[in-house]
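Two complexes are shown next, each including subunit A; its partner changes from subunit B in the first to subunit C in the second.
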Partner chain A sequence: MRKKIWREAGASYLLLSPTLFVLLLFIIGPILFAVFLAFHKVQLLGTATFEFVGLDNFKRIAGDLRAKIALWNTIKYVAIVVPCQTILALVLAATLNAGLKGQKWFRIIYFLPTLTSSAVLTLIFMWMYNENGLINHLLEMFGLPTYNWIGDPKMALNAIMMMNIWSTAPFYMVIYLAALQDIPDSLYEAAELDGANSVQKFWYVTVPYLRPVTSFVVVMGLIGTFQLFDQSYIFSGGSGGPNNSTLTVVLLIYQYAFKTLGTMGYAAALAVALAIIILVATLLQRKFSKEESLY
Partner chain B sequence: MKNKLAIGKALLYVLLVLYAVVTMIPFLWALSSSFKTLEEIVSGTISFIPKHFTLDNYKQIFIEQKMFPRWLLNSVFIAVTVTVLNLLFNSMAGYALARLQFPGKKPLFIIILAVLMIPVQVTMIPNYLILKQLGWLNSYQGMIVPTMVNATFIFMMRQFFINFPKELEEAAALDGLSRIGTFFRIVLPLARPALAAQAIFVFMASWNDFMRPLIILSDPELFTLPLGLNSFKGQYISYWNYIMAASMVFTLPVLIIYAFFNRYFIKGISFTGGK
Partner chain C sequence: MKLKKWVAAAGVTSMLFGSALAGCSNGEEKTAGKANEGAKDEKVEVTLAGWGGNPTEQKLLQQTLDEFEKKHPNIKVKYEVISDQYMDVIKTRLVGGEGPDVFYLDAFEAPALIKTGVLEPLDHYVTDDFDINDFEKPLLDAFKGEDGKIYGFPKDYSTLALFYNKKMFQEAGLEVPKTWDELREAAKKLTKGKKVYGFGVAPELARLYYIAESKGGKVVTDNKASFADPKVVEALQPIVDMHLKDKSAAQPSEVGAGWGGEMFGQGKAAMVIEGNWAIPFLKDTFPNLEYGTAEVPTIDGKKATMAYTVAYVMNKQSKKKKAAWELISFLTGKEGMKIWTSKGLALPTRKSVAAELGFDKDELRGPIVAGASYATVWQNGTNLPTITNNFNNQFVSAFLGQRSLADALKEAQETANKEIEGNK
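And now, the complex of A and B:
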């Protein structure tokens, strides 16, 4: 009997060995290493040297103007993109779920942006955002003001926001679609008996029923949007410009870690701070949605 | 009453069609630009149908940038290898966590759940230093080994195997098959739906990844497509006809996969969507 237990443990660890290897060497090890780096000044020239500096890296964040700009840009981005993409996803899913003919085809089309790589999407949108490009022409056609989307510091981040709402909403739409299948018809029938119209049914049956899914979508959205990098990098050629308007926290971390010398420890401190911010935002959201569900 | 319903239906259709147009315009615009001449691109006329339809851009990008086929190959090799290894290793781990008894099981499961919460940026810098120490910067293994296991999909496979009927494995055990033999011969072949969904997500994530190759790869020979495309844009910034042609070439393989397997995409998301 004892032999059997040992054999099962052996088999388990054999099956788990690749996972344990990657987990230790590339995830858990690096997490501890990141915390270590955050308290050190790192020099990579020649042989790498680590000099203990205590909390200096964290104190430096408070006095770093670019860090403040990056944080502000990221928060603005999160605060606008997460609600917009969540609402858009919900509305699209509810519309697709209304039982119309051809909805399968609409679903296939809507999902396209999710498949396309961020690099390709950003290039396509940069071409459309061109001063002489499609979007400005369309705006002109409707008599609306045109903008220098890429070059104007006031517009560049907005341009990225619109692009990313457009490209990530379909992903969350599919999550909502799956959840919509589970709403029992009897709920809608009861609402109909009470004389509810379609909008009322959506507002009083669908939205409350989907609250746990919405919570999940918002948490995923928060985690995703706080990590904005690819689009900002490609949009600005890695600089976060014009005038730091597309500089995000992750782009700043990248610049300090890999583009300037001797600031890798500071970059690690920023990364640890970002992880804490994301964690706190996630926990806050969880707490809020729990309190809401009491009413 | 009937009239009202018809109006509602029509409104919904209008909404659906409008959003379909909003989704399609960027792709159609990119596609049409890729068939236009540079003069037409520069002139700034707005027409979805090219005035002088040309395939020159597609020819020219392969002449101007000799590395394109190489980048394509790198991307395919890395994405396929990462996908195959993920399917195997995540299932192995998920099965052990779902079905086998061993010391340290509970803490390990908690650690895997906790890892799900850690953003990549935290591990990115140490990963770079570790890969540097191993001499794996600018190498395929530097791209593949750190991504060959994924906590999200270990979790997903565990959930899948927990709901798997036990009788099959018990029958296999009676036939004298070992636990590992049972896993490879009986369980894994039956896990196909979960594997298909996982394969698509892992492949897409690897194929589209921008940050990891940006940090790990500096040798143009080893670039993946997103990285190559970004450097191509740097060189030909006003040649939007070339950039759009290159973008289309890189998007096509994924669209073909999607055309055949789109139902797995939808299923896969519902899988990961916490169900």
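And now, the complex of A and C:
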């Protein structure tokens, strides 16, 4: 009996082992190592040294002005981008599901930005955001004020926000589209019999029915936006400037890990702190959406 | 039950890990063995890493390397280009033990990297033939460690000079400015609204350092930021005023250019302060531009400019140090340097080569060479990268008029010093 269990378990673990190996080596291992680093002062170059410093790295975050700016920028970014992209995705999906002529083409066209690499997108947008670029020309044509999108600290983060909403909303739109196909027609028919107009149908049938999907979209959006890195990295050439306005938490982690020597431990501590923040934000979101679906 | 499963899992994975690791180490031994054998009878391959330049530069370097391989038939040079984030890549590779044998190192990054002990001191390789006194001393000193040893030999350098648009100066009937006061007046006259600015300025410490220290203040004191000094603020204020009050100066991004050379070439700035690198760029991209160069205008009657230099350094972990030194000594020796700098894309750091090639008499390069005698080398202790990052970030806000220069620099200094304190 015992032998049989062993053999069965052994066989299944043997089959699982390639996956387990990859997971342990490239995901679990690095996570544990990052936590280990967070409690040490690390000098990797030359003779690698690890000096245990307890919570010093975490205490340092509290006094680090740049960490505060980075966190504030990131939160501002999350608070604006997540609701905007979610609402935009929902509206786009609803319109593209309403049976317009050529809606399949529109679906493809809207989805294209998501297929482009974010680095390429950022470079193209930087070109359009140029002082003499497309966007300023359009603004000028309509008699609106123009901005130095890249060089002005007040505008730089907004520029990244707009770009990101534009490029990620279609991805969530596709998720919404899939969910919309699932809504039974009978619900709409019943609503029509009750005399609901199309806005009411959207608001009282579509939106509540999509709540679990919305919850998923918001959680994924939260995680994605908290990890903003590549766009602000390319925008500022890695410095987080002008005047720290595009400095995000992940960019700061990158700077401490690879730019300055001997601060790998502090960078790991920042990464752990960011993971905790994302965890808390996600839990809060889940709590709210659960309460809502109780009625 | 559960426990047993875990034991099984642990067993299987540890076996896998074990075999994988064993496989790795076997492989390493094998390759290491091969490398040693190679040193005896076969060709030795030395890796050289650097950032890429323009095609002409690449061709010149290849020519130099070909010449080297001809002279040393037993050494083969593998040239690797790291085109972006050079220092990050080099540091990561050094940590992983996969660093190149010989690589470029900017003077700006040198003190911090020397301090970590990853570089090979080169003093004991030097022979009389190599003639170390032939190098320009300030440029060589940039690669000396705290222990007084030399860790790299400068391959080339550039200083800053004033580039001016001849046509615009003629139209405005102006002389080339000799002092900063003259430059400021000229910039006012050369400015045409928001289309053409008199002076294109890069609001970065690397380009403003000599101006910042022109009134007796110090940007860095005891390896810490000290640029909130009123004397530094006083020295930098004119730059901010030119942008905000005179509206005669702008940074490249304000006119949609990527850097000063491009802004100047597009005719959006009548004057910029750039280095030798701008000359081939302007020749290639804006061949019809008529411009001249002059020494950087004096401040309070004193000449000042910056010098930027890059050296070849050797990886301490290199297994082919002898061959690596052969390469460094050729590239920075009289012969190799002459080929590398022959077209004037880079300026020679050896006095004898400079005299032979005669760039001091070149119309465009003369002022850049002249600057070498009084230039400040862009380097100051191990913390300059941190200090520079904070300065650049906050100086921009003053430059754009969002707050006073004194406030911006004070905050930047505090942030920088806190960061330095934390890094200890």
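One rule holds in what follows: the second predicted complex is superposed on the first by the 282 of 295 C-alpha atoms of A that agree within 3 Å, B and C clash if a C-alpha of one lies under 4 Å from a C-alpha of the other, contacts with A are read in each partner's own complex, and residues count from 1 in each chain.
Note that a residue touches a chain if its C-beta (ideal position, glycine included) is under 8 Å from a C-beta of that chain, and two chains touch if they have at least 3 such contacts.
Since this is a predicted model, take the numbers as computed values, not measurements.
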{"item": "Partner chain(s) touched by A:Phe258 [first = subunit B, second = subunit C, both, neither]", "value": "both"}
{"item": "First, second, both or neither for A:Ser118, with subunit B first and subunit C second", "value": "first"}
{"item": "Dominant toucher of subunit A (residue count), subunit B or subunit C", "value": "B"}
{"item": "Subunit B versus subunit C as contact partner of A:Gly29, first or second or both or neither", "value": "first"}
{"item": "Partner chain in contact with A:Ala62 - subunit B first, subunit C second, else both or neither", "value": "neither"}
{"item": "Contacts of A:Val250 with subunit B and subunit C, given as first, second, both or neither", "value": "first"}
{"item": "Which of subunit B and subunit C A:Asp152 touches, first, second, both or neither", "value": "second"}
{"item": "Touched partner set for A:Ile5, first subunit B, second subunit C, both or neither", "value": "both"}
{"item": "Which superposed partner A:Leu193 touches (first subunit B, second subunit C, both, neither)", "value": "neither"}
{"item": "First (subunit B), second (subunit C), both or neither touched by A:Ala267", "value": "first"}
{"item": "Set of subunit A residues, in rising order, touched by both subunit B and subunit C", "value": "5, 9, 13-14, 16, 48, 130, 132-133, 258"}
{"item": "Parts of subunit A lying in touch with subunit B, wherever the complex brings them together", "value": "5, 7-9, 11-16, 18-19, 22-23, 25-31, 33-34, 37, 48, 92, 95-96, 98, 100, 103, 106-113, 115-121, 123-125, 127-128, 130, 132-134, 137, 166, 170-171, 174-175, 177-179, 198, 213, 216, 223, 226-227, 229-230, 233-234, 237, 250, 253-254, 257-258, 264, 267-268, 271-272, 274-275, 278-279, 282"}
{"item": "Interfacial residue positions of subunit C with respect to subunit A in the complex", "value": "1, 4-5, 8-9, 12-13, 16-17, 20, 85, 87-88, 91-92, 94-95, 112-113, 116-118, 251, 253-256, 385-386, 389, 392-394, 396-397, 400, 402, 414-415, 418-419, 422-423"}
{"item": "Partner subunit A, residues of subunit B touching it in the complex", "value": "8-9, 12-13, 15-16, 19-20, 22-27, 29-30, 33, 44, 46, 85, 88-90, 92-93, 95-97, 100-103, 105, 108, 111-112, 115, 117-130, 145-146, 148-149, 151, 154, 178-180, 183, 204, 207-208, 210-211, 214-215, 225-227, 229-230, 233-234, 240, 243-244, 247, 250-251, 254-255, 258, 262, 265-266, 269-270, 273-275"}
{"item": "Subunit C contact footprint on subunit A (complex, rising order)", "value": "5-6, 9-10, 13-14, 16-17, 20-21, 24, 43-48, 60, 63-66, 130-133, 148, 150-154, 238-244, 255, 258-263, 266"}
